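Have a look at this one before I ask anything.
Residue numbering begins at 1 within each chain, and the chains themselves are lettered A, B, C and D in the order written.
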Amino acid sequence: MEDKLIFELPLLEMEEKIRLLIEKEGESRDTAKLTQLLKKKEKEIYENLTPWQVVQLARYQGRPRSLDYINIIFENFLELHGDRRFGDDPAMVGGLAFFNKRTVMVIAQQKGRGVDDNLFRRFAMPNPEGYRKAQRLMKLAEKMNIPIITLVDTPGAYPGIESEERGQAEAISQSISLMLSLKIPTIAIVIGEGGSGGALAIASADKILMLKYAIFSVISPEGCAAILWKDEKYTEKAAGELKLTARDLLKLKIIDGIIEEPLRGAHYNPGQVARNISDSLNHQLELLRNLPADTLKQLRKEKYLKIGKI
Amino acid sequence: MNLLNRLNWLRKPKVKTGITDYTSTVPDNIWIKCESCQTLIYNNDLIENLKVCPHCNHHHRLTAREQISQICDPGTFYEEDASLSSRDTLGFKDTQSYVVKLKEAKKKTGLSEAVITGIGQIGSYRVGMAVMDFNFLGGSMGSVMGEKLVRIIYKAIKEELPLIIICASGGARMQEGILSLFQMAKINYALNEFSSKSLLFISVLTNPTTGGVTASFAYAADIVLAEEGALIGFAGPRVIEQTTKLKLPEGFQRANFLLDKGMVDRVVNRKSLKSTLISILEFNYGR
Amino acid sequence: MNLLNRLNWLRKPKVKTGITDYTSTVPDNIWIKCESCQTLIYNNDLIENLKVCPHCNHHHRLTAREQISQICDPGTFYEEDASLSSRDTLGFKDTQSYVVKLKEAKKKTGLSEAVITGIGQIGSYRVGMAVMDFNFLGGSMGSVMGEKLVRIIYKAIKEELPLIIICASGGARMQEGILSLFQMAKINYALNEFSSKSLLFISVLTNPTTGGVTASFAYAADIVLAEEGALIGFAGPRVIEQTTKLKLPEGFQRANFLLDKGMVDRVVNRKSLKSTLISILEFNYGR
Amino acid sequence: MEDKLIFELPLLEMEEKIRLLIEKEGESRDTAKLTQLLKKKEKEIYENLTPWQVVQLARYQGRPRSLDYINIIFENFLELHGDRRFGDDPAMVGGLAFFNKRTVMVIAQQKGRGVDDNLFRRFAMPNPEGYRKAQRLMKLAEKMNIPIITLVDTPGAYPGIESEERGQAEAISQSISLMLSLKIPTIAIVIGEGGSGGALAIASADKILMLKYAIFSVISPEGCAAILWKDEKYTEKAAGELKLTARDLLKLKIIDGIIEEPLRGAHYNPGQVARNISDSLNHQLELLRNLPADTLKQLRKEKYLKIGKI
């Protein structure tokens, strides 16, 4: 049950019922009616998701991960490893790839599948060396004059003893500064969880896009509830107050677009979602590529200086 | 301790037991108990010692105004954007609404936001300055802090002044959600422009400086100073303990620990902060 | 192993027991003992397998010419500065004079120096190339190596070509004293100019790459590839053991260890080196 | 005896004898004669030092260290710590200072005095974080547009397990590249041992100066003997073959000048040597400061590309 979405359970039960009916009696007016009911129920649930339900979807174990998308969207992805300082962080992957026949740099946070993989990927919570690898690849992209595409999917930077010792704060700060200083176009796509500064480190881009059921937040709803309400049972409430859904962020003019997902989430059709991402990416990239360097710089300046402007 | 003070204290045994709520209205002749070693100190002595405990060297928290008066040459600080004040863009409400919390913070601190910005003189050198105040909602960074910082950064660019930011913050202001998170990018963007003009930026990390503030402007500085004993880090110690289930090492995330880990340029006792800053400013103008 | 080969081997039991001294004059039908797993391998099979042991994956050392023929499209490599040859500037003599050692190295390898430079094609892409040969005085770097590298770097700048350096070296050539040390600076200077033109530099670290070569051009590359199993480091393992009196960890300074420590972009089996390089060159030209 | 120079022993004995004589009988014709003899003997020894003896002088425990000179030559030296990545390496010190009333960046390898201090300073053998601190300070100097002065005194980069793990080779390579790419004037002064790549990392300067009894070598004589002769007893011979003295390096056109020391070495008058360094530094710095940026770049290019040119 652990990897099921609670609010989806009624639908799963109905589906199972329909499946059994069809198995026993074949398709009938009853099954057609039930299917119609299912569709209705589906809409009812997914068109009225609470922010907390969106959080659960964004974090869902079965949701496609960065490398799933990378393998569909890009060609010849060649992973480049290491920060040349301390280590190679599997929570942060990156490398060269082709997008529409042209070279790009891809940098992404990578969640795992299953316990072992998740431990290996540290649940996509990067250490400082992850951010320093990202910086190294950003500099390489700048040198090669190729655009950077980042896929954001992290609960946040890893809060550990060693990560503090090696300068997690410095690593994130420098990533943000570096990304904002690049002369090349940058696009960030939040595909799942955009967790705080650990996400912003690779999301400080010219264009920020979000999948429909992705979230982006200054703090996790759990953390927020624990601090402000001093009680984690207010997590659901906090999720609402934080305004962390794609729709919220679009309204707040933080992001530049929402990428569609199937009604019940990206995991119902990863290929389709990859194509949606690809289309958005293509559109935004063409836009940015055609800008003169000065204009790119000016637009980035306006974008960031206007955030929360009084 | 002279006899008069001692007597005075004997007569008024129910003094405040901490100085977190210290305001300038506390009479000079009141005794204050040190937060760290619990020794009673004559308030005037503590003030004269820059609120550093003469017994255990504990650096008691300063308000932004106190910080400014310790650092700037007397009467030289000219505040900018003093009237800018946070709004509740998201309509955020936890146990209380953000609007009410803001109102209370203003009342408690006499400030309109958790940071004071302006131009001041330090050892006769003009400097762009921002000083955070932890007493205002934990020094948290929201849109107005971002905006005030960006404005003073661009003012410093325009006047070709060096920049000093004195940090004290628990991180981003949750009540402004994603807007507060993106202040990190906004401020670092402005600091990139500042840096590209070859102007010098010094950050001073006081107790505590954590979260989004460390992961943005605090570590975007050319020279990073840490006040003795200050807690400095990205994640808070409790979060780390909960996540890792490990016992934190002795002195973890304290100024000297960070010095040892190569994360700050110098650890500075509050009593030598001004002279250290002057020394760096001399280097800045001696190039 | 077919019967004929087996018979052949039975008739000539006294084959060479290693292939360090391998030259192209070894008949195809000779059996070679793998340096690592000691398995006997039919020479022709070994060659066809790029001198990678089919049993244990050990990468046997290649000469520079072999390396070039494995990497470059057939017949496309055009050598530069083939006649440049080291001189004994210091008049250095240990158990033998440097002059004699140079003469012997030339005779043994058929090379005039420990590096071959030139322009070649890899997957039809033109590339500036330098390939080191460990058989020539341990691939050591002296003034002529420095000069040849600098010349091919500037040639690549002029023709706007990417650069690939395939390293195999014990470090600086002691017999040229301080002059060999300063080749590190000389080469890195040229590589700075190369890099400033936005041209791409890939280094490939083969077994072994240590000392002055790693601490200069090997790690000045945009992309660093390490051949499987290669020993790569600044100090040699024996020196480290002697200095620290510690037991070195399993796999220390080997390619996969370095990958784990974040020091190389990829570890590449020799059999996929050419395709990896082509892939990177495609990215280079696809920008 | 450990911290005495063997070839100096006859002189020390003579001095003791003279001292005793004077104590007993006061100055006399005898003591004057002996003193004259001493002067002669002194000249005889020190004007004919073998390269190996120079090595011993360069490494001598009593020789002034970088911080000794820094405190005399510069004003207001403010040490800056840390690489902002991993640690603060006490084998490499650096910071801002005034030289002739103008701001400079000083970067130096620091040997210790006595066992504890030497262990603390790791005998001036930097770890990668030492070189990365140096790089950070070089970048700060570049930004501040102030010259860099380095004091070189190291047996070499530390050959340890952790230093290899954290990329000693990468750290040195990047230091060399960075130093050569700076737009500001750079001056390196070898005050004692210039040990291999670990020294070159902060010695790739516009002008390289050496104290009279300093050495600069591709490898230690001991290491050279062990490798080439396979016997450390050839160390003395190796010292000669390597051409590692200041005079050799000047002849080979690697360095730009030799700074005088007292006949019997810098430790006989550190103040005077500091003044000598100061004078040379002043001279070279004025030269470099007055060059247009293009000329500085061109001269550096010529200096490095001509080394070992065929």
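General observations
The rule is short, and it goes like this: contacts are C-beta pairs under 8 Å (C-beta built on N, C-alpha and C of every residue); 3 or more make two chains touch, one makes a residue touch a chain.
Just so you know, these numbers come straight off a predicted model, no measurement behind them.
Chains that touch both chain A and chain C are the following: D. Looking at C-D and B-D side by side, the one with more C-beta contacts is C-D. Placing every chain at the mean of its C-alpha atoms, the farthest one from chain C is found to be B. Centre-to-centre separation of chain A and chain B, using mean CA positions: 34 Å. Work out the mean CA point of chain B and of chain D, and you get 42 Å between them.
Each chain gets a centre from the mean of its Cα atoms; for chain B and chain C, those two points are 56 Å apart.
Multi-chain contact residues, meaning those touching two or more other chains, occur in chain A at positions 84-86, 166-167, 170. Multi-chain contact residues of chain B, defined as those touching 2 or more other chains: 219, 261-263.
Because contacts link the chains in a way that matches no line, ring, star or complete pattern, their graph is best described as other. Chains touching one another form the pairs A-B, A-C, A-D, B-D, C-D.
Listed in rising order, the residues of chain D touching chain A in the complex are 84-86, 128, 132, 166-167, 170. Residues of chain D touching chain C in their complex: 157-161, 163-170, 172-174, 176-177, 180-181, 196-197, 200-201, 204, 216-219, 223-224, 227-229, 234, 237-238, 241-244, 248-249, 252, 254, 300-301, 304-305, 307-310. The touching residues of chain A, counted against chain C in their complex, run 76, 78-89, 96, 98, 101-103, 129, 133, 140, 143-146. Those residues of chain C whose C-beta lies close enough to touch chain D in the complex are 84, 87, 89-90, 92-95, 142-144, 146-147, 150, 172, 174-186, 188-192, 211-212, 214-220, 232-235, 239-240, 243-244, 246, 248-249, 252-253, 261-263. Within the complex formed with chain D, the chain B residues making contact are 195, 198, 200, 219, 222-224, 259-266, 276, 279-280, 282-284, 286-287.
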